[in-house]
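Order of writing sets the chain letters: A, B, C and D. Residues in each chain are counted from 1.
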Amino acid sequence: MKNTFGTSVALTLFGESHGEMIGAVLDGLAPGIAVEEAAIEAALQKRRPQGAVSTARREQDPFRIVSGVFNGKTTGTPLCILIPNENKKSRDYEATRFLARPGHADYTANEKYHGFQDYRGGGHFSGRITAALVAAGAILQSALREKGIRIGSHVKALHGILDREFSDIEADLDRLAPMPFPVLDAAAAEKMQEAILTAKAECDSLGGILECIVTGVPAGVGEPWFDSVESLLSHALFSVGGVKGIEFGTGFDMANRKGSEVNDDFRMENGKVITATNRNGGINGGITNGMPILFRLAVKPTPSIAKQQQTVDFSAMENADIAIEGRHDPCIVHRAAAVAEAVTALVIADLLAQRFGTDWLKGA
Amino acid sequence: MKNTFGTSVALTLFGESHGEMIGAVLDGLAPGIAVEEAAIEAALQKRRPQGAVSTARREQDPFRIVSGVFNGKTTGTPLCILIPNENKKSRDYEATRFLARPGHADYTANEKYHGFQDYRGGGHFSGRITAALVAAGAILQSALREKGIRIGSHVKALHGILDREFSDIEADLDRLAPMPFPVLDAAAAEKMQEAILTAKAECDSLGGILECIVTGVPAGVGEPWFDSVESLLSHALFSVGGVKGIEFGTGFDMANRKGSEVNDDFRMENGKVITATNRNGGINGGITNGMPILFRLAVKPTPSIAKQQQTVDFSAMENADIAIEGRHDPCIVHRAAAVAEAVTALVIADLLAQRFGTDWLKGA
Amino acid sequence: MKNTFGTSVALTLFGESHGEMIGAVLDGLAPGIAVEEAAIEAALQKRRPQGAVSTARREQDPFRIVSGVFNGKTTGTPLCILIPNENKKSRDYEATRFLARPGHADYTANEKYHGFQDYRGGGHFSGRITAALVAAGAILQSALREKGIRIGSHVKALHGILDREFSDIEADLDRLAPMPFPVLDAAAAEKMQEAILTAKAECDSLGGILECIVTGVPAGVGEPWFDSVESLLSHALFSVGGVKGIEFGTGFDMANRKGSEVNDDFRMENGKVITATNRNGGINGGITNGMPILFRLAVKPTPSIAKQQQTVDFSAMENADIAIEGRHDPCIVHRAAAVAEAVTALVIADLLAQRFGTDWLKGA
Amino acid sequence: MKNTFGTSVALTLFGESHGEMIGAVLDGLAPGIAVEEAAIEAALQKRRPQGAVSTARREQDPFRIVSGVFNGKTTGTPLCILIPNENKKSRDYEATRFLARPGHADYTANEKYHGFQDYRGGGHFSGRITAALVAAGAILQSALREKGIRIGSHVKALHGILDREFSDIEADLDRLAPMPFPVLDAAAAEKMQEAILTAKAECDSLGGILECIVTGVPAGVGEPWFDSVESLLSHALFSVGGVKGIEFGTGFDMANRKGSEVNDDFRMENGKVITATNRNGGINGGITNGMPILFRLAVKPTPSIAKQQQTVDFSAMENADIAIEGRHDPCIVHRAAAVAEAVTALVIADLLAQRFGTDWLKGA
């Protein structure tokens, strides 16, 4: 189904970096969900490049909702958000169009689209497309919040510098929500930003690990085969450019542990079943257990670097050199937080609508 | 779509551990694919518990193909494989049915199915179901092999013990194919098995990392949104019980690296575009670049351990203790290799059939 | 998705006429639905050839449910029903395998499957496959009935002979339920059967119109685009062999009418909104309005006739003659009633599960 | 998937009659398809109200393609077409918002969307939405034409007045293509238009039968279960407002015929297999046989009529009267031709892309 994801609640994305507009169609929304432009703007602001750790490009995202909202609330029919591309750079992409940027999709896009792809600024592969996704996700996040479900994320690791773990989750989520560089430990945040600036000065870039959490999802949601909660989240998240790994709960460290060290004991607490630990990230057998859903994403260093690299010219089919000019992000991990949250909101909203019906998200 | 996965080539799974049969329906196969029972039996043998590092249970998998094959070849209509459950243990599951085994789906299944689930031996959540998946995958793997595409895997890490990396990939795949404990470095294999036996003696279990490789997939397959190759593989693989993480290429280690360290330079080789390194695991922008697809799975320690654990009785809603009796695998990482390969074959076959049409897999 | 249909509640069909077994996998069922073998047997009996108006073949359908049912109730995991093919005729199909029977799928199957299809007795195209569908549908019909939803059908027309319209719907449904030749007007039934016997004596066959009704579906179910109730019903019903037309409410006769003659006035009745007439068949804008869903299917005459016909041998690629021997149904319209009801049950159950959640069908 | 239809080639629709814009996203297009605005404009013109037999409203459809086209050709990524709603009438919809117009979706929409739907001018249920569909379909029709596949339609019947059958199909298609009132027999066309004007003068409306034909589709496309060609076409076509019936080939008249009268003999012609007649509408067993695909749609009379009707006020829950004011179409059958052709193009393009791969439509 390509550029559409979801079963009961589904998102369709379109647009290219240097086309006229990008946009998203959000379908299957319950009717009656309040759509507040301020919440959308706040999410877009979080994704937007800010400060020296991001690109100097100043993207404007003057979004318009052209369908699916009436009198400030969702109608239940498809909601389309458009974001014009206003700040397109006019430089000549012809000179470099056949030079495959290492780590980018230039070569694979050419193999798939036979040269017809819009090669300017990454085209449909550009991170620009995620602005529409973030706008759509903001609507879902607000609706989920009304049902007691919150989604948040922080940069857990960056070039060896670690943020602290979640402790008081609700308070941590409150703190992270407005941060353009979402890190819980201020000292770690400072070191991370220094590392990014150093990489930038070296004409290089850095990757990192984003940790996401979802609280308030009831137990019993998801499927054993093939739509486990892990399956659906990973499917959607891996389509975000730059994500190269995902792990739930203890994740890869489980390879070093014993069963007794990673099983989560069940316990009664205030008449409710909980787990004493959360090494399985809130999911057993593909199904939520009522604990917070916890996962981490490996986000690769921005592939666009000013350092000289070796590559091929896939038109001439010969070796070539490349040094990527322009204003690029030396790191996108912190900006990816807004995108990961939007994608997570889509998956969770869809799972709940499938489980409890299409009206569930509307609330009381 | 729950127990069905795939678009052009799709698999449906059914059955419970202690029901009459388990089975799989494989749909969308090209007509004319040779179906050799020996290849299916070999794959099932690889999944079957063997030696002291696995359960002492001796599963028989006397599979029968009851549709979709005529004169030894696929017809193009749905192929159904049935595997009767012959060696069901008759012990009383009633006593423990409300005792949530830590790390298992007992509690979450009860929340989802309201007590109607078949709780004997894990029911539909049992690893037993993967036998049908492996049988179906063996047919796909043979067909892919005819088209020059190979899939293999090895235990990359187990309790701190590392296998070597792939070097001569084709030779490595030849060696791994028949191994019940697929490890490239014989010394590492021995240490891993010792570690498993030690854990077993301690009434405990071990997890590990499985590394998979796919060679021969042409460039240009996959989608930017939302069906990236990573997306589809992770979706299908996370539905395999025990998988808690997946990473492609350099994966999580990208968090510690610079862009210049993880970008793969493109180079010409024998008139063909290749990448000098393969840190992106054969995928750029969600689309294959013609290099081997490489990924690793975090497989958790078997949750069934004989050690006493704390839990709840979710019928009485009170705390309880549990020590899981019976013949359990002290480690399933090596047995998961056959399952991961089968799932990978499904995803790759589906991607290729979507890209090149439903007859593609039939070959010349 | 080929041999699987449905979103929340989905059915997968497999098998060939002369293979070992046919079967169906029913997925997405709510847990806790009572599965009564007598109800399944009754539905299969209705589909089975009975009396002189059907084939003299005596099919046995000794079905077995091998998964998804535990202690007499659905578990919520996939339910697989198997029906062995016990009464396979052993005659030689080789002689006629390349002779395209007019009105059958022999030629088109060969174009699609390149000669690898199982050509014996129609293979996967055989009406035999519908036995599995009817068995699965019977489970759904029982569950729907518990929720106040009933499905029934009658032969509305056959060779110019008309049955009366539904009048007291509930009483009519009671009468039709057990009838092997479901016609409301006994005199019409007799004439229809005489017409069939006459056609049979002429080595010919007859078609007819099947009228189906669904009562008790709440208003507000279905989608404007693209999953209207008409869309989903027609999609599923057109895959039943022999169906060549479908119309809802007044249907094709609307071409002869004025708006004022086919609009259904809304009226209040006992505090509830109803329509004074039901010319739109219970559906406005693709969405149920709470009135009975009413539609008619055009079922073509059985294409297997003993009369000599002209055709081609698609192996030799030359003209040929054919007279189809064997025990064939001179009419399948009455037997198609059980199939149409099963398909309708699948669509309605799926729509309701999508609308109200996966537990909806379980009832109180 | 609600407002998205298609597997390999998929269409998503959004918008409301009185919202800011309507639009369509066309995904899965082969790269390199020429996109000519003139062809889109011609299709929109055909759908647009023209002459006294249509509404006096003068819709403008100043479409813009904002993604997926680069240098005049499809890129292979989603193509989004936007059409602003420029000619919105500003009259007050509040007074009538709870008055259920007979034959319309006002009441069912309210049941589904709980009052949050955009009730102005039919909202998302308005025929206005089909403008975006027609624009998208025009692109597909041009691409199909390049592959030798043509789609056309005519008003076969209207209030008892019949058009002639297709004879020289290619010549008939040439004639029909530009006609705003597509009828092959000029005398019939005149009578039909007179009948419409008479109905209009009576404050009433008329329905009719639209007959569609598709030539050039190769044999072997479609599925036995559940994606027969009839299934997919009917699914998509029934979501068009006003369609209440569909029949293929001889269709409902098969109920009056014998097998020998409706079977199509196969014959050799110029070394190719054809059928001597086409009573099955080009489809056997759900799969194309290479003959023209032929079907008819029952289109109901426009429900908006000026005559007084009885209805309910579903807010007050009481009986009421209604006479629908405004400029309404006295008949939409002729305008529906452009819509039916667009929907047909989508289904055929999708089927071919699934069968032969995503590049198939690109052509040489």
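Simple rule for what comes next: a residue touches a chain if its C-beta (ideal position, glycine included) is under 8 Å from a C-beta of that chain, and two chains touch if they have at least 3 such contacts.
Predicted model, so just to flag it, every value in this text is computed and none were measured.
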A-C or C-D - the one linked by more C-beta pairs in contact: C-D
Most widely separated chain from chain B, with each centre as the mean of CA atoms: D
Interchain centroid distance [CA atoms averaged], chain A/chain C, Å: 45
Distance between the centres, which are taken as Cα means, of chain D and chain C, whole angstrom: 27
In chain A, residues with contacts to at least two other chains: 1-4, 7, 13, 77, 112, 124, 224
Chain B residues touching chain A - in the complex, by the definition given at the top: 1-5, 7, 13, 100, 102-105, 107-109, 111-112, 124-125, 129, 157-160, 199, 202, 204-209, 218-228, 230-232, 234-236, 238-239, 241, 243-268, 271, 273, 275-276, 280-281, 283-290, 296, 298-305, 307, 309-312, 314, 317-319
Chain B partner contacts - residues on chain C that touch it in the complex: 1-4, 7, 10, 12-16, 19-23, 25, 27-28, 31-32, 64, 66-68, 70, 73-80, 82, 112-118, 123-124, 359, 362
Residues on chain B engaged by chain D in the complex (per definition of touch): 7-8, 77, 224, 354-358, 360
